[in-house]
Amino acid sequence: MLNVAVFPNIDKENAPMVLKRIVDFYHDKDVKILMPMDGANFFDYGKYGVEDIENHPIDMALSIGGDGTLLGICRRLYERDIPVCGINIGTFGFLADIELPEIESKLEKIMQGQYYIEERMLVSGFVKSGEDDERFLGHAINDVVVTKSGAARMLHLGLMVDGCRVMDYKADGLIVSTATGSTAYSLSAGGPLINPKIKVLLLTPICPHTFNARPMVIDENDEVKINVAAFHQDIIVTFDGQETFKIKPGDTVIVRKAPLPAKIVKFDDKNYYQTIRTKLLYNA
Amino acid sequence: MLNVAVFPNIDKENAPMVLKRIVDFYHDKDVKILMPMDGANFFDYGKYGVEDIENHPIDMALSIGGDGTLLGICRRLYERDIPVCGINIGTFGFLADIELPEIESKLEKIMQGQYYIEERMLVSGFVKSGEDDERFLGHAINDVVVTKSGAARMLHLGLMVDGCRVMDYKADGLIVSTATGSTAYSLSAGGPLINPKIKVLLLTPICPHTFNARPMVIDENDEVKINVAAFHQDIIVTFDGQETFKIKPGDTVIVRKAPLPAKIVKFDDKNYYQTIRTKLLYNA
Amino acid sequence: MLNVAVFPNIDKENAPMVLKRIVDFYHDKDVKILMPMDGANFFDYGKYGVEDIENHPIDMALSIGGDGTLLGICRRLYERDIPVCGINIGTFGFLADIELPEIESKLEKIMQGQYYIEERMLVSGFVKSGEDDERFLGHAINDVVVTKSGAARMLHLGLMVDGCRVMDYKADGLIVSTATGSTAYSLSAGGPLINPKIKVLLLTPICPHTFNARPMVIDENDEVKINVAAFHQDIIVTFDGQETFKIKPGDTVIVRKAPLPAKIVKFDDKNYYQTIRTKLLYNA
Amino acid sequence: MLNVAVFPNIDKENAPMVLKRIVDFYHDKDVKILMPMDGANFFDYGKYGVEDIENHPIDMALSIGGDGTLLGICRRLYERDIPVCGINIGTFGFLADIELPEIESKLEKIMQGQYYIEERMLVSGFVKSGEDDERFLGHAINDVVVTKSGAARMLHLGLMVDGCRVMDYKADGLIVSTATGSTAYSLSAGGPLINPKIKVLLLTPICPHTFNARPMVIDENDEVKINVAAFHQDIIVTFDGQETFKIKPGDTVIVRKAPLPAKIVKFDDKNYYQTIRTKLLYNA
């Protein structure tokens, strides 16, 4: 029996329809459906709801939403080594590989093992205050962003890479992005596109007032430390644009490659460059 | 008798020393010093303190601080038609024209009328919710910025200029800048430098995800309307990076040239391009 | 009798068809058609051909081509104070106001005086070698560009504005653009869009290696001097991308507002922002 | 006996002094000095001159000049598997690791084997006309650049990566850069900095008129094809800014990772980020 965990985004208009098609598809198959309790109740599928879904046996996770939904599930299931498959009802869908018309045919392919796993690197973010030990904050597939909140003034940031002070920024913030995240916030801030099979980190300043600030592509194993000058208030660290933590003046944010990658289900070897062309460059 | 209002920035380390030099300079002259009550008390000059300083007779205002301090005073004295003179103890000082070594000599020049007034355009910002009348928010010498607060997601903004829908942005925000403000936040966001004697507005998107977004220089009399899509929360409008207002989803921010300019005291015809070279380009 | 000079672009596929429609339209009217001799012969309208057309009496010039064709005619007729009207068979057509379906109706409007003249500032370019007097090179409506030719190395350029040394560039070149030219080469080099009714010059560096180089908007009356370091070879100055001159190592290129504007025929008060939206931003 | 080939840049003022110090250093050691015949004669060291130096037995090559000189030697000795060591008398010197004060001490280290080899990827460039076979043009350590010559108009370029059409550019050209070349021309055109130990290619458009053009980081094994539209004249392909070839309208330029890397002599593990900070970011 296959245990399939289904995670619908409750904000998406099409989610109930997609959810019904999934339930209908699996009803005569040797598949056990699980859903997070709140989502299950929200969509009147209480019988599939379980508490603490991340601790149940799961063979495959289905994301119903956009790439954002899928990112959240990957972070939630981190360390569980579970493949995540995205049904795209968002705008872009670089990661979510199933489009609406093909839900049943692709679910059938999953039943028959006709898919492959694409590993995407995650990064781990930590914060260190003074002489305290560093404290783990979270994981990200796209990016860890250090930025000011609201109306606060430009930050003074000191960047160390691989133990070496590289650059001092006066800026709204700094993005530490994976190659996967190069099509997300970093792109808006002027960063390059990076083929996600390349194992790197990308550092992109946000609105730097410093003229010599440039996006920088570094080795995936380089440790990144971002020190925030001690006189700032209202500094936040954000993971994939979804989880946010306040940090203190003078704190240092540390970002490293995470030990484990995310596992994204893909169906045919859709060329990355084809996706970039059709979903990003000529569809923006 | 000359009424001189002195506005010291209480956060600047050098402010007490500058304040003392000003008081010493004026003590044997036919000058009445006024200070805002809170600043006067803070610096132990309670005898000069007055409430509601903006309603007293003032012939000249002295700003002790950086350009930010001076901007705040100009907004505070708006409509009073009072020249403002800046003593620069900040980093840059494009507007504040007196440097520390020359305080007494320049104050002497003011006594003798050896200065001129440089007018700088201000803009007025308004907000309009649904069918309500537009509501005045504030003035700015540098910029009016519509942006998201904190960890909120990218805004969807619709820009109208002179009654015509020009551009739809997915972006962190949009800066409506004067030429004076072209060296401020707009520069960080990729905007051009503009000689402040040119009568224009500058529209600079902040981290646009939309590829075709570009800084745009428009006529000073063009009305700018920025509509924020109705599904956003945590949208703020900021004036000169100092005054902040929350606005509601679906609101429209309107920016127009203000009826009156600020009047900045200048001493000799320091060339704008010289200032740009020495204070900005080769000193960043 | 109206003297209409017709300038067809011989490289455009649709030019013969447009030319025929113009000739047909005017054949029963009190209009004398003139064409440059070479164009007249090329299109088998030898009877309309005249030598030195710029010295004949002309009441109105018709450009058949894109904006490039129209720019060339404006430069050719400079100082003649003749309105130029563009029939757009190019890609963009910011200046050329007549589209193919409306040729006859718009020519009729011209007959009846139902049009207006939009003046566009030109710039004049000069070169100065050592102690020689400056030498006039040409006029431009869009831009004067100082750049290296072919495989030559990055130029070292010194920029003076209004008598003040502003900036030293290591770059591929520098664009001195009018507001009209802000949608042309300057846009590719990262310059802002500028409403052409604003009276300014725009300085945009081409691929600067110098970090602090930024587009700069200056006053229309500011004189621009660009000094090319003495060790360069193969430096060229180009007017509107059409006329090219070689200059010598160490030469200085001088650009000033031209004494007279171009006069472009426009039909209804098409909003600039509407044109930007439909022809540039959402059609690129 | 060690065979050391010495390549002085004849345009550098300090070259004779450096050359003399090298000759002096080696005169009592078991080292045979070789020089290209023309350079040897130019500097009055005819006795060291050999014809076709690239065919002689060489254990180590010394470059006297800037990074440009070193790039040229690497291309000249390509396939000979010879380490190249740079004595920096240029401006930057990212690759040339010996500074003037340390010539003798570093040459001594070379005698004692106290150095290591840093491999830098090269790319090979080819051109293909119609149905002809592709033709090899050259190698590059920094970049292969497809661009227009002189006053020619904007190119229309079609980019294929890994067999997939990614992007169509209207632009002045396109840079295919290695990570090593990310501090060279690509940086001027807006490309990111890339740590040279990362195995990638970087595609950076030059002055694109197309809004969605962005720098793109691709896999080192991806083949890049750049098709130039058939109506262009004066198109050139340049290798490391030094070797230039004209290509024909409609030709396709193909760039691939070269089979062999360059071998650069380095002395201590100077941190890349330290070099970026001191030589580029705070010294530009």
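First chain written, first letter: the chains are A, B, C and D, and each begins at residue 1.
Assume a contact is a pair of C-beta atoms (placed from the backbone, for glycine too) under 8 Å apart; a residue touches a chain by one contact, two chains touch by 3 or more.
Please read these numbers as outputs of a predicted model, since none were measured by experiment.
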| item | value |
| --- | --- |
| Contacts common to chain B and chain D (chain labels) | A, C |
| Proportion of interface numbers common to chain C and chain D (over half same, under half different) | same |
| Size of the rotation, in steps of 5 degrees, that lays the CA trace of chain A over chain D | 180 |
| Chain located farthest away, centre of chain C as origin (C-alpha) | A |
| Pair of chains joined by more contacts [C-beta pairs], A-B or A-C | A-B |
| Whole-Å gap separating chain A and chain D, where each centre is the average of the chain's CA atoms | 38 |
| Distance between the centres, which are taken as Cα means, of chain B and chain A, whole angstrom | 39 |
| Gap in Å, rounded to a whole number, between the CA centres of chain C and chain A | 49 |
| Junction residues of chain B - those touching two or more other chains | 187, 211-212, 214, 284 |
| Interface residues, chain C side, partner chain D - complex | 149-151, 153-154, 171-172, 185, 187-190, 206-211, 236, 238, 241, 244, 281, 284 |
| Contact set on chain A toward chain C in their complex | 211-212, 214 |
| Residue ranges of chain C touching chain B (in the complex, touch as defined) | 161-167, 179, 182, 187, 191-195, 197-198, 200, 202, 212, 214-219, 222, 271, 273-274, 276-277, 280-282, 284 |
